[in-house]
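Some structures to go through are shown next.
In the two complexes below, subunit A is the common chain; its partner is subunit B in one and subunit C in the other.
Up next is the complex of A and B:
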């Protein structure tokens, strides 16, 4: 069971990184980005193609990640250009469209056969007792923590972070004061695109690898982001790691292994019910 | 030509025309007070100057530069600052951070805080936690720190105790005296007219009085007629 939890930790790290990106997107550019993982999936597939052109694996991965960032920035540009004043619903709908577009584009470009991803980080890092911890796990957990801490410091301690927070609280007022709303939101899109592409590229070799199942990692990641109310980075990280470990542990037991697909769903339902109750309580006060 | 000029400006919103053929001039260093009843189109007029809504007719220029279809950011770079209705602090940002957003130099925040010494000790408080009056001071200081050439102020008095509003008025006058052209909108005329050089009254989207502020203060009947749209312009 411990081995299962440890194995699930790599996926948990991915959920955590994506959950942090989703939280940043919701707070800073008012989008629930359903295409967050699909952008990473696209980058990981591109890396396979680049590697087939005899590029070294690290260069292929880096190139894929860069294209992922550009694609993400492009979606951000479209939203900033055409829907600057739209509500979060309409803006998020664009990200659903992007998700579908990226998945179908992947089938066209890369064919429908699952690709074999070459791992950049093969093998175990260390073992404790009889629990083996892989390099991918170590890197993913470290990446999740680094991204969350880095983004927190950027938001609270830098000039650009102050501008981003101002923009998220009062977009119109910020613009009237000369904060470049469009440029900054495209930068947020490109930055989160880069981070999620890197994370997916590291974990993809250890996960299911057809475009659709890879892209739908967005579901457990959203469940983790929901734990932090799409506002708190720390809870998003904790939620992502815990969810990954729980799923890993459940997968160890034959009878319960289907349950793990239900866990994110259960979390989402329970959270929504709880939020509903809390609102009722607030109104009653 | 260093003036902010509106020539025959009209604005339409979902509900139809809300500003019809308004012309006015704001000169550097002078304070123009715009008064009018609720729903007269005062806010819509300011929003068209700063680029929040677009005009349906007429021309605007700032120091000779046509505003036309310029974005809000470009207008702000020309030296236009719009203090919106309501107390528009960024609530989770501290007082210091609110001012840093617009400060043009490292000493800009300190210079802006000299206007309101009472804010000094609240520098590192989240501005959302301040009182209404203090928040309005932050908003004014933030506008001042941007070193505007022209300042649009919308209903500063809204929701403030009169004593607090009276504290803010001399500061607004002081900002004008430092060379900034100010267009100040107020629903409650008497106090706002006291510090004004000139005044216009807008009712139903049209200018019903334009000229010196003095007569409106000394002759309440004139103000009353202007509010009813009966004064001769």
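Up next is the complex of A and C:
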């Protein structure tokens, strides 16, 4: 069971990184980006194609990640250009359409079968007793923590962070004060696209990695982000890691596999019912 | 009168006639189309029925539901199971049962949605879709292992006959959707999409409204899924994947499937696009790429096929009507204006025939001996460290018109919110005719007879004037009464679409609609904002008559002193959340404190 939980930690790290990206997006550019993992998936698959063109693995991965950032920035540009004042619902709906577009495009470009990803980080890092911890696990957990801490510091300590927060809380006022709203929004999109593409590229070799399975990692990741209410980065990280470990532990029991599928959904439902137990209204007045 | 009745009857028969005509066309198609197209047609009909359901949830009620095909799978599963246990009745009975099973699933998934909106609901439904997808892959549908095919109805064997059966089911589902959309439920769905506060203030439960939308949408998906199991015999999970649910959701947005004809068109696109790609030897996966791109286009421009086509049609008929009416210039001016900013729909009549000869000022609470209808004691509201209202006392006599005044930020709208039940955390007591309102929801208060209007526009543009008034009135007003009230307030006729009415007139319609509910107390939050000076004056004349004509007590927030002078007999003035003066109008207006707090500000501006 411990081995299972440890094995789930790599996935948990990915959930945590994506949850942090989702939280940043929801806070800064008012989007729940359903295509967040799909962008990473697209980038990871591109890296495989690039590697097949006899590019070194690291260069292929870097190129894939860059394309991921550009694709993400492109979606961000579309939303910033045409839906600058729209609510989070309408903006997020665009990301549902882009999720559909990216998954279908991957079917066309890469086929629907899982690819043989070359592992970037092969082998175990260390073992404690009979529990083996892989390199991927260590890197993913570290990445999740680093991204969360880094983003927190960036938002609270730097000048650009102040501008970003101004943009998130009062977009129109911020723009009137000379904050370049569109440019910053696109930068946030590209930045989160870059991070999620890198994270997916690292974990993809160790996961069921057909386009659909990868893209729908968005479900546990958004469950984790919900634990932080799409506002708190620390809870998003904790939620992601815990969810991964829980799923890993449950995977040890064959008879519980159906339950494992429902874990993210159940967590989402229970959490939302708790968080919104008091009556709230759609608008302030 | 007779002619009007026969017109009305004809209007009521129209959907039935269209449904019968569609079945006839379906029968013809089932006879003449090549076998392959007949089979594709059935697939399209399954998609159409699911799209009709999505039209309710997504199009009308404005909720993001990403698991429509999971509900269809529940319906298909139920039908397959009923078939495998050889349940009585056959597919004709199993179909609605499958729909009900899906509706039950929809309500369960929708339960957390009671207080969730928009994106959170999308996360829940996507989670449900993904989990259902994986689970179906694991457990399979009943009968697939043993190879027991779902039996088709005896009357409809073979693909051609079954296509006709599908057309009949589609026609029935369309009729159901048509009547639901025209019912209170349908108005509620459109209302809740626009404003939950507005829905609750109309005495309608937001929770029930959302659940009915979710249940109805899932029911239709379940029927679609059941129909599919009859079509293919053995059902496999590959028909209900999450990615297909997403595609269907996007297609519902692109086509505008809350309109029945557009759901039909969407279903045709659902099979036509992949079929065309196949003909040209292009990968069918491009189909979803196309849907995705169209979805982005449709979402970013805020338009859909149905709305665009209807707007085009409306402009054409308007142009035709205008050119026909050109000689009678006076009549032409009466046609509803295009919803450009700034244009206004002129009132149907500038003079109200309903105004009685003698305009009587309502009774003053200070003078009359009648008991207080509303009694507020020690009402305090705080937001964090900000005190919005502090120890406010207020008495409103039955049949009085009281003005609530105060500079911006004085707490007037907070007061209305607290009275209407939107601030349950307030302190102090509120009583309506001796009954305590503390702890009652906005919906309960509305049903007890406290109605309110909003400072912001809370009139859903997707409804017609008549549907809006009937929804707000909650069955309290007959058609004649609705028309009388609309005429009384110089509002456009019931058939006008609210989207084509300017904001100022919408406020009048809001007041008329709330009066149609025969409330005991009506709270008006700056109802005259957006009206011209002439309209102001005539609106004031109308307000004065309300207590006598309809027995309603009014609390009016208003800045316009002319209006306050001509309408109110009592005044309450708030400043910084405290009552600084209350009593008879002229005494209050002469109060020096009021002068500095309120008039001073006016003089400066």
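As a working rule, the second predicted complex is superposed on the first by the 277 of 285 C-alpha atoms of A that agree within 3 Å, B and C clash if a C-alpha of one lies under 4 Å from a C-alpha of the other, contacts with A are read in each partner's own complex, and residues count from 1 in each chain.
Keep in mind that, in the parts below, a contact is a pair of C-beta atoms (placed from the backbone, for glycine too) under 8 Å apart; a residue touches a chain by one contact, two chains touch by 3 or more.
On a predicted model such as this, the values are computed, not experimentally measured, just so you know.
Contacts of A:179 after superposition on the shared chain: subunit B is touched, whereas subunit C is not.
Annotation for subunit A, partner touching more residues between subunit B and subunit C: C. In the superposition on chain A, A:87 makes contact with subunit C only, not with subunit B. Of the two partner chains, subunit B is the only one touched by A:165; subunit C is not. When both complexes are overlaid on chain A, the residue A:121 reaches neither subunit B nor subunit C. Shared-chain residue A:97: touches subunit C; no touch with subunit B. Residue contacts after overlaying the shared chain place A:138 against neither subunit B nor subunit C. By the touch criterion defined above, A:2 lies against neither subunit B nor subunit C after alignment on the C-alpha atoms of chain A.
Touching of subunit A by both subunit B and subunit C, each in its own complex, is seen for no residue at all.
Contact residues of subunit A toward subunit C in the complex are 32, 34, 78-79, 81-83, 87-90, 92-94, 96-105, 107-108, 212, 216, 218-219, 222-223, 226, 257-258, 261-262, 264-265, 268-269, 272-273, 276-277, 279-283, 285.
Of all the residues in subunit C, the ones that touch subunit A in their complex are 62, 64, 66, 112, 115-120, 122-124, 126-128, 130-131, 134-135, 138-139, 195-197, 241-243, 246-247, 249-250, 253, 283, 285-289, 291-293, 295-296, 299-302, 413, 417, 422, 424, 441, 455-456.
Chain contact summary for the complex, subunit B toward subunit A: residues 50, 52, 72-73, 76-77, 81-82, 84, 88, 90-93, 97-98, 100-102, 142, 146. Interface residues of subunit A, counted against subunit B in their complex, comprise 159, 162-163, 165-166, 169-170, 172-181.
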